[in-house]
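Below are two complexes that have chain A in common, paired first with chain B and then with chain C.
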Partner chain A sequence: MNPMKNPRIIGTIAVIILLGLTPLAFAQENYAMRVITVGMCAAIAVYGLNIILGFTGQLNLAQGGFFGIGAYGVGLLTTDYDWSFWAAFVVSVIGTAVIGYLCGLIALRTKDEYFAIFTMAIGFIIFLVISRWEPVTHAHSGVNNVKFPEGGGLIDFESPVAMFYLVFAILLICVYTTYAIRRSSVGRTLLTIRTSEDLADAIGVRVGFSKQLAFAASAVFGGVGGGLYATVVGFIGPDAASIDKTFEFLMFILVGGMGTVAGPLLGSMIVTFLFELFQDFQAYRFIVLGPIIVALVIFAPRGIVGYLGGFVDRRNRRRRVEEARGADDDLDSTGASTSGGTGDHRARNVADGTESGAGRTGGTPSPEETK
Partner chain B sequence: MTMLEIRDLGKRFGGLDAVKDVSLDVEAGQITAVIGPNGAGKSTLFNLVHGFYRPTAGTISFKGEDITHSSPHRTVAGGIARTFQTTNLFDDSTLLENVLAGRIVRSKSNVFDAVFHTPRHRRESSINEDKAMEALEFCGVAEYRHDLASNVPQEVQKRTAVAMALATEPELLLLDEPAGGIPEEETVDFGNLIRSLPQRGVSVLLVEHKMTMIMGLADTILVLDHGQKLALGAPAEIQSNPDVIRAYLGSTAQEEN
Partner chain C sequence: MRLTRAALMPAEDPTIMTLFIQQLFNGLALGGVYCLAAIGLTLVFGVLRIPNLAHGALYMLGAYITYFFLTTVGVPYIAAIGIAAIMLFIVGVGLERLVFHPLRNSPHTHHMIAAVGAMFFFQALAQAIWGADFRRMDTPITGELRILGAEISAQRIVIIVTAVIVLALLALFIKRSIHGQTIEAIEQDRVGASLVGINPSMVSMLTLGLSALLATIAAGLVAPINLLSPTMGDALNLKVFAIIILGGLGSLPGAIVGGFALAIAETMTATYISSAVGEAVAFIVLVAVLAIKPNGLFTKAVQR
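Let's turn to the complex of A and B:
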């Protein structure tokens, strides 16, 4: 199918264009620009979570920690060591990748809930190191005056709009990477692991190795998001690495939709907006957000994008199923008109084994045959 | 030519010998069957060959190469595929996507190929599509390719599992009760599918409970009981072997009635 006619791609592009145009409306309001830009930094980290949780199905609770490593890497190198932003940024991201890879070596010997607990411990250790290692990280006094990216005389990143577009550009790379991974055999590899590790193993997928790479990739995205966050905000404290950050990211991805291309972006933006809306309530805002999350998990476990995508998938599949069966249905006139509409219902009867006689012997099973 | 050579294979779980002193040659171009009562060690044998379990004794070699301690990834890459006793498909995916998953082991393109959409990635994607479609057609389920795996009849699922295994381009296919859960009248069709595999260059090692099907299909039968070899031979020899009748045919005949 022509990708330009795919509602998922149209929707994703529409969200991106809308986001890209926000400076037109808010260019004069520095606060709004900063909130949106910080939200996009978080979205980048959420795209990392999307790879390990959404695609691979492993609940990684260390993402806040990797975000913190990226943030502190940039923060400390540009202030205490007076590096340029870009050098600090690249080194921080590479550092996050290395730490992520090493953690992954151990983490991926664990499975399911043990993986979640182990990664949560990693996240907590990172937080403790940052909040207690006074001589290096300044502990609770945090890091002040993180440098702005150097524009080389061309761009002045002190302007919130320029900063917005820098983060926006990197975010776009993340969105595209997610899209490219999802439709490639790499994405297929990760999805098989999410569905069934044993079956993935059986068809020759290198389960451990793939999980390891997914985990490292997720850490890298976390580091990128954190590094940008440090320069956008200018001041960072240990909160940047806290476990709350991890759960914030989780909320973003749950609302937006795990394993989808647009989900992390949409979720981050919507929840950031809600956070702002309920800001006066401080900690109590979770009283409002909690039930929303519960309702989402019950009614739309795949998030907003997953929920909408479900309609698209069903429609596409119905059409394709009809096309695939078209040749047979011409011969078998009873099934032609109704096979699409009642497809799911009929097939479920058959799969239950109650009417399994209609499978191969009668050619294409039509609804009439099996009812 | 001997495709798979199993010598004195053993697997101990604690104090229990799940498989003990089993030797078997699987000849190229043949269908070899393993039968035996429940708990006789048939599935354990499969898991050992496939690399899920590590043997505690003996050796396995495939096309002259020692694969005793190979991981499943290396075994599958080397040319051995398998299906499971309980139908095992990715339920939320279409049949085509399922069979495409079988192509992963033959894919060489990585994340960078995917991101930059390199010629290698494009070429591989189209090869994968073709091979997956071919496997679906071979197994007679191409018309269901866009249906979800959880929405198609049991028999179509079983055939898809075979197609997924074939997509990995195996030379030896391990089928664990391929016809389990399929109504009796359709096992003939299914048997024909299995029989056509050797012509495709795929040798078969299968576990099956449906005796009529086995007797008509297999060139050689290995009978296991309590993890050990009870008999080995052509179907006719097995049918008339008194030990086999006592250990297997007799008892399951009662169970099934």
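Let's turn to the complex of A and C:
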């Protein structure tokens, strides 16, 4: 089947186009543009979380810390050291990658709950360093007047719309990277690890190396998101690295759908919108949002995109059954469309790797529970 | 760091020895609090196999409810802690029923995320009721004791004594009483325990309730020394997790040893090096231990 007919790809592209057109509606309202742009910065970090949590199944609670490193890298280099934005951005992303890789070396020795709590401790150490190392990070007074990106005389990034499209372009790269990873053998390797580490090890997957790679990649995404966040907001405080940021990202990915391509983006936008809706209640918003998180995990653990994906799968299966009844000719191509889909949850079944297998194993009621 | 040390010394005739003894008792008191909180958490891990990230929030809620009964209602200190502990027991049971029970067959990431949701809910609730400002809780226990020349506040002695008594009672409960033994049975083998007629759901509820109760006692004891705020549970949450990871998840002796060791390390580094290092020492130790022994120090072989 033509990939352009795949409902998942169509849906993802529709979401992206819709988001790309928002400046048409809000160009005059700086506040709204800024909220959406900050939401997209968070979405980039959430794409990082998606690689390590969604694909590889490791709950990394240091993502807020890596976000903070990216933000402070850009913030400090452009103000105290007077670098240009682009140089500072590249250096802080590389810095985050190096720190992420080194953290991964130790963190990935642990597993499951130990890994989650260990990364939470890493996140907290990063937060402590940022909020206490007064001579370098200015502690609680934060960093003011982070530079705008230099447009080279062509683009003026002080306008919110230009800034929006800069972040949007980088976000698109992240979405495409996620899509590419999801389709490639790397993505399948990571999904195999999520399904069962022991099994993956047994069939010859380099588990340690792959997890290390996924962890470093997620840190890089966090750094990119943080760097952009610093320049969009212009002022950063230690909050940018706090553990609450990690939990926010977690909520974004959960609402959107873990391990999907469109999920992190959709989740970030929807929850950012909800946050704005509850703006008047400030900190009380979690009286409503807390139970929403719990209810989501219990009743819709696959998120919005996962839910829609399940709907598409059911429809495909029904169609396949009908086709099989009519003539037995088109089975191969429909099978291919299922396992090649963008947000396909079913591919977590290792057995699903073969194209024709998808048609037969598709009858399992809910692969989520077999995980 | 001579400067910091000089700044922290008491004004009247401080010798190195009295400062050390004072800090040792501070560390022991803090250790008692950490132990009570950590034991609850490690019990929950042993029975439900989940790291309850909302534990710090339960501790915070316990502190506020104690505060409410002591200051607003005006019951005696011990009674206030008792009432708060019973209320938190009910909250813990409710948490198990509403959040963790429906998720018992989900992957472990989902429990943690749900617990985070519950944590945010409790924090927002406390903030809505009591406000975001810090609050001070006064205690009827005043005065100081002189031990080896060091002035130790009576509240700290009370904390140490109460912690030891509660820990002893808990050990008695788990080892001797039938309900306590069901907890241990479920910890050892969930399927086997249910085969011999133990109801795992009941034990899960009991354990979460118990852990909330212990956290409340810890909170009620330490509240007069520290200030109350809706986020007071956050720092404790991380430290208690560090403790039970150090001790090995699910290990009771590990939680006790880890709790006291970490608390003493923390007060000592805060006194002799700097307060920022004191705050971070738990995590530095944690990183160091896990880098060498990824499963904690006292891990027993657990069947999963």
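Just so it is clear, the second predicted complex is superposed on the first by the 316 of 371 C-alpha atoms of A that agree within 3 Å, B and C clash if a C-alpha of one lies under 4 Å from a C-alpha of the other, contacts with A are read in each partner's own complex, and residues count from 1 in each chain.
Simple rule for what comes next: a contact is a pair of C-beta atoms (placed from the backbone, for glycine too) under 8 Å apart; a residue touches a chain by one contact, two chains touch by 3 or more.
Values in this document were obtained by computation on a predicted structure and should not be read as measured data.
Asks: Contacts for A:136 in the overlay, against chain B (first) and chain C (second): which applies, first, second, both or neither?
Replies: After superposition on chain A, A:136 lies in contact with neither partner.
Asks: Check the residue A:192 against both partner chains and state whether it touches chain B (first), chain C (second), both, or neither.
Replies: The first partner, chain B, only.
Asks: Kindly classify A:53 by the partners it touches after superposition: chain B alone (first), chain C alone (second), both, or neither?
Replies: In the superposed model, A:53 contacts chain C only, not chain B.
Asks: Looking at the overlay, what does A:324 touch: chain B (first), chain C (second), both, or neither?
Replies: Touch status of A:324: first partner only.
Asks: Looking at the overlay, what does A:312 touch: chain B (first), chain C (second), both, or neither?
Replies: neither
Asks: On the A-aligned overlay, A:102 touches which partner chain: chain B = first, chain C = second, or both, or neither?
Replies: In the superposition, A:102 contacts neither chain B nor chain C.
Asks: Counting contacts the way the document defines them, which residues of chain A are shared by the two interfaces, the one with chain B and the one with chain C?
Replies: none
Asks: Give every residue of chain B touching chain A within the complex, in rising order.
Replies: Those residues of chain B that touch chain A are 50, 52, 72-73, 75-77, 81-82, 84, 88-94, 97, 100-105, 107, 109-111, 113-115, 117, 121, 124-125, 128, 140, 142-148, 150-157, 164-165, 168, 181-183, 185-186, 189.
Asks: Going by the contact rule set out above, which residues of chain C touch chain A in the complex?
Replies: 45, 50-51, 98-99, 102-103, 105-110, 112-114, 116-125, 127-128, 132, 230, 234, 238, 241-242, 245, 249, 276, 279-280, 283-284, 286-287, 290-291, 294-296
Asks: For the complex, give me every residue of chain A touching chain B.
Replies: 176-177, 180-181, 183-189, 191-192, 195-196, 198-206, 213, 217, 317, 320-321, 323-325, 327-328, 343-344, 347-348, 350-351, 353, 356-361, 364-365
Asks: Over in the complex, which chain A residues touch chain C? Could you list them?
Replies: By the definition above, chain A touches chain C via 53, 57, 59, 106, 109-114, 116-118, 120-122, 124-125, 128, 132, 243, 247, 250-251, 254, 283-287, 289-294, 297-298, 301, 369, 371.
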